[in-house]
Amino acid sequence: MNIPLGHYLILAAILFAIGLAGALTRKNAIIVLMGIEVMFNSAILNLVAFWHYKHFAVPTAQLFAIFAIAIAAAESAVGLALVIAVYRHYKSVDVDEMKELKG
Amino acid sequence: MIAAPSTIPAGGAITTQLLEISIGPQHPSTHGVFRMDVVLDGEVVRALKPVVGYLHRNHEQLAEKMSWLGSMPYTDRLDYFNSMSNNWAYALAVEKLAGIKVPERAEYIRVIMAELSRLQNHASAIGFLLQDCGAWGTPLLYAFKEREKILDFFETVSGSRMMCNYFRFGGVRVDLNDEMLAMARKIVAEFPKFLDEFEKLMTTNEVVLARCQRVGILPKELAIAGSISGPVARASGVEYDIRKVDKYGVYGQLEFGVPVGAVGDVYDRYYIRVLEMRESVKILQQVLRDIPAGPVQAVEVKLRGFKIPAGDGYGRVEGAKGELGFYLVSEGGPKPYRYHIRPPSFINLTVLEDMCVGHKVADAIIILGSIDIVLGEVDR
Amino acid sequence: METIYQLLHVTFANVPAWTVQVAAFLIPIAFIFGVYPAIFALTTLVERKALGRIQNRYGPNRVGIFGVLQPLADGLKILLKEDIVPRVADKFTHFLAPVLIVVPGLLVYLVVPVAPGMVAVDLKIGVLFALAVGTMSAIALFMAGWASRNKFSLLGAVRAVAQVVSYEVPTVMAGVAVIMAAGTLSTLTIVQRQGGGILNISNWYVFRPWGLVGFVLFVIGGLAESARCPFDLPEAESELIGGYHTEYSGFKFALFQMGEYLAGMAMAGVTVTLFLGGYMGPGSGPGLVGSLIAMLWFFSKLAGMIMLNIWIRGTWPRLRVDQLMGFAWKVLLPLALVNIVAVGFWHFLTPRPLAWVVTTGWLVIWFLVLTKCNASAILEKREYRYV
Amino acid sequence: MNYPGKGLVEGLAVTARNFVGSYFYKDRLTTVQYPEERIQTPENSRTFPFLVFDESPDKPRCTACKICEVECPPKCIYIVMDRDDKGKPLQRPKAFDIDISVCMQCQICVEVCPFESIKMDNDYEKSKYGRFNDLVQRLPDLLKSNDYYRQIKPVKAAEVDAKLKAEAEAKAAKKAAAVAAAAAKAAATPPAGSAT
Amino acid sequence: MNIAFWIISAVAVLGAVLAVTLRNLVHCVLALILFFIGIAAHYFLLRADFLGTVQILIYVGAVAVLILFAIMLTHNVTGVDGPKELLGVKWWSGAAIAATLAILLKKAILSDPLATLLPAGDKAQSSVAEIGKALVAGWVVSLEAIAILLTAALIGAVVIALEEIQKS
């Protein structure tokens, strides 16, 4: 099991890029949310990789990861609720149409 | 289809799509070929339209081409759960029209047969109701075990388990010898044991209570307005039982109670049937105790070329589903001029929508089960 | 797995290292794939015979002596059945759903110990893993219901997902009580902690006040999660025909059945591990004979739990959707939280009788409070008058 | 006392009693292993009609009077009367078909038959592979001997035989009386004849 | 054992790519689930098994179902995107930004000496008890903060989604 840390970092970077691409290119708000989830997870993967290679003695990294996952879950819940509320007004979840700023 | 609004007006609350499904003729729990077009909002029933006619056999038109006796076997096929009381209703109507006097022993035998068919009908009705509630066939098979004994008795007497064709104008076709009477006494003796076991299994069962109480309430006024009859009406508090009103046959001389409920929900309809079974057992004990000897068939009735003087008449019987009536018009010939049946199942079905709206899909199925309809009678 | 690894290492010293590792890994998997589907086949037969006997009739007894070959016959029949896929269905998801239903059922057995030291993977977080994998079945149910594009199965799918997700919470909380008492998440140590005492039985957690409550919660949660009798809403024939597997036929339907039964048995296995002392029984011990008896004990307890499932299935009708949800959130969850507090009392009140009194008192009070405040289902006194 | 799960537990007790009971009391079990064991059908039971013959199949009791064909509600009996070469009707059916896919086993034909020639069988294994002409029973399939009738319905057959024998004697007695009366008339007329 | 790394990362990447590119929304969610499972497998590989299980429990168990329900509520039942709704108006700019970001990151990682650090193997043990103690002892403040945040998020989501019902 002699995978250098670099491989994990590159993997996280690629996943982050895919998530970003998804979030930016797709029109559907839900896919944008999914892209954000992918970005989030790749960041946490990065974190755990560093814990495993360098600071395995102290469990703080795992705590940090747990908090991050909790926040991500809360964020996606609120995000989806927003999407549903928006859908009710615009009858579609098309990101481009959500231009007007008034309520 | 139904004119219900397809979605809640736009811009308002969250627009969930109303789901129109048809719990169709091919469905495991519609008691026969019966369809309900249901508009669902999620799980809640918004509108429900019963669709009948899949089992229409044109019985009333056929009867006008047949002799009076010829349509007697067809009355077995109306409510095929209790063919005995169907026969009785038709025979009663003809006897009233033609003024035939029925010998004493035949009257007693008629009461025995009608009450036994009520027992096996109510037993299977509550069995099917709990099957719809989801009990995996156990209550139904306990009920069918009792029903088998009664059907074997019918086969020994009349020759066929369900299509008995046993009644004739002015009496019955076959006399009960002692061995058949002993068999009947044994059935009646064992029935209360089945009822107690059934009640212990289901009546105080928390899941049944949660599922059936306060579900599908039929108010008393609606029951009267919709001319509902039978256990469904008595569960809502309508005190009307034709055995007490008309006192036909020998019901006048027997003492028995008629249970009447108060709330009129699915649980009441279930428990009223259980109490009615206990009353029927009391009736059967009295009748089997003092059945007189004598002929079982009025002599003056001819088998062929039997003519009824012109006129019309309406005979009715308290069947297991409700008031089963026959309206006959004769113009003196061997064939009826008009032959109409008052089907209790069909009329009890008209209030299905009022009971189901607002409840869940699962409740709609139980409410249908609690009315206990048989499609042979609904579609005729 | 470690014990097998040492065992193999010793016997096949000369074989290259990685083959021993792979073999050590494959043997438990072969055990799981072999034993549990066989138990599934047997359960279908036992279920039909037991239901038959409850309903005063014989179960299947035509195929083989007492119908023993019936599962074989069923399997063959289903294999030959035509596999109809609705034209409108979403082919990919429709195909994937039955596969995904079986996976969580089998994954749970990885952490269920069968005999001392014999568990497929000795994860340090065994219990949590078992419960986490349980939630994956919700996804497969939804895929099945949604992919067959038919209104009834969609209703069934939504009900199934809501039910699995909302019964996941009380089950996990009930499991937390045992984890607190045993101090570890690894299933092997939990079972060892339940050994000892008179005849290896008195230490079972089910004989503690909080253990009994946890056991009842876990059984109810298990029934709900695998959609078994009082909660078989998703495929309630009377309302939704087949629920999410209406549009499946042929071998895919058999996979659904297998997935459901395996999930049911998996929850039964976890219940046995957590509360009924896994393989602990009068004879079970580390030796070869000891572990054989231990295995016997484990499978007989598993059979007992399956019989309980069948018994309940033959008796009780099914709950309605909203009652089901209300029951989970209003009764089971508070009871589970109260149970955790009870374990706290148990842990810190060292004198045994005092601990017994306090925890039982605490639990009984809360039980009465909970039943009082949602007493809607209790029999309303009805009087019937005779006319 | 009334604890919350009381109804549920009692339900379990009932099913447990049935489960255990079915192993000890064999009469609880209602299943009949059909092809091997068969329930003895009661005497009155009826499936499809058949024609009775006394001595030989080509002399059935039926006189092709077509009363049953008229009275049958679903109209499933078709009779053709036998005529000899000169066209004179013989009191025998040439063809007697019953379409058992139409017949509803209502037994009205048995009641209205004046010659006690059609009776209800209680053999219920009449299923065939064909759909239409297989289910029409021709005269040869319908004809069954009186001893077969006496064997499946002993009490009823005994009544019918007694009735027939009584009618036969009454007819014979009437014929004898008619012959005697004719003879007496013949005897009375010759003296009248000779007297005129 | 390093083939395991390559297989799992391949699964994760495949899941991520499919999650972003597929036309049928529900298929996207299934690919996303595949991605989550890939990440969980990576955690197990890195000996952080508690995190792996938490990942499965939270993401695969709850978040994916949440997204499925969101799709159900906002789309007609089939949930298929028509061709025109697939890509945003200026989609190519987004893709270009992501690509340049990836290249920059790769160059940064490879040049850093840390990249060649070798794994700790089985020295990196994470026992749940240790995490539990740390959570309650050192980090109890943040634990309570997360608890409040989660409840707030729960209530917020419900209020936003259903606020319309009361008004109409």
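Note that the chains are named A, B, C, D and E in the order they appear, and that numbering of residues resets to 1 at the start of each chain.
Keep this in mind: a residue touches a chain if its C-beta (ideal position, glycine included) is under 8 Å from a C-beta of that chain, and two chains touch if they have at least 3 such contacts.
Remember, predicted model here, so these are calculated numbers, not experimental data.
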Chain occupying the most central position, where position means C-alpha average: C
Of all other chains, the one whose Cα centre sits farthest from chain A: D
Farthest chain (mean CA position) relative to chain C: D
Centroid distance [mean C-alpha coordinates] between chain C and chain A, Å: 34
Where chain A and chain E are represented by their mean Cα positions, the distance between them in whole Å: 6
Chain centre separation in whole Å, for chain E relative to chain C (CA means): 29
Contacts with 2+ other chains: residues of chain E: 50, 54, 62, 73, 77, 161, 164
Multi-chain contact residues (two or more partners), chain D: 4, 7-8, 11, 14-15, 18, 30
Where chain A touches two or more other chains at once, by residue number: 84, 88
Contact set on chain B toward chain C in their complex: 19, 21, 27-29, 40, 43, 130-138, 141-142, 145, 201, 204-211, 213, 239, 241, 244, 257-263, 267-268, 271-272, 275, 360-363, 365
Residues of chain D defined as touching chain C within the complex: 4, 7-8, 11-12, 14-16, 18-19, 22-23, 28-31
Sites on chain C touched by chain E in the complex: 90, 92-93, 96, 123-125, 128-129, 131-133, 135-136, 138-139, 142-143, 146, 149, 154, 158, 161, 165, 168, 183-185
Touch list for chain D against partner chain B, complex: 4-8, 10-11, 13-15, 18, 30, 41-46, 67, 71, 73, 104-108, 111-112, 120
Contact footprint of chain C on chain E as seen in their complex: 24, 26-27, 30, 33, 49-50, 53-54, 56-57, 60-62, 64-65, 68-69, 72, 77-79, 127-129
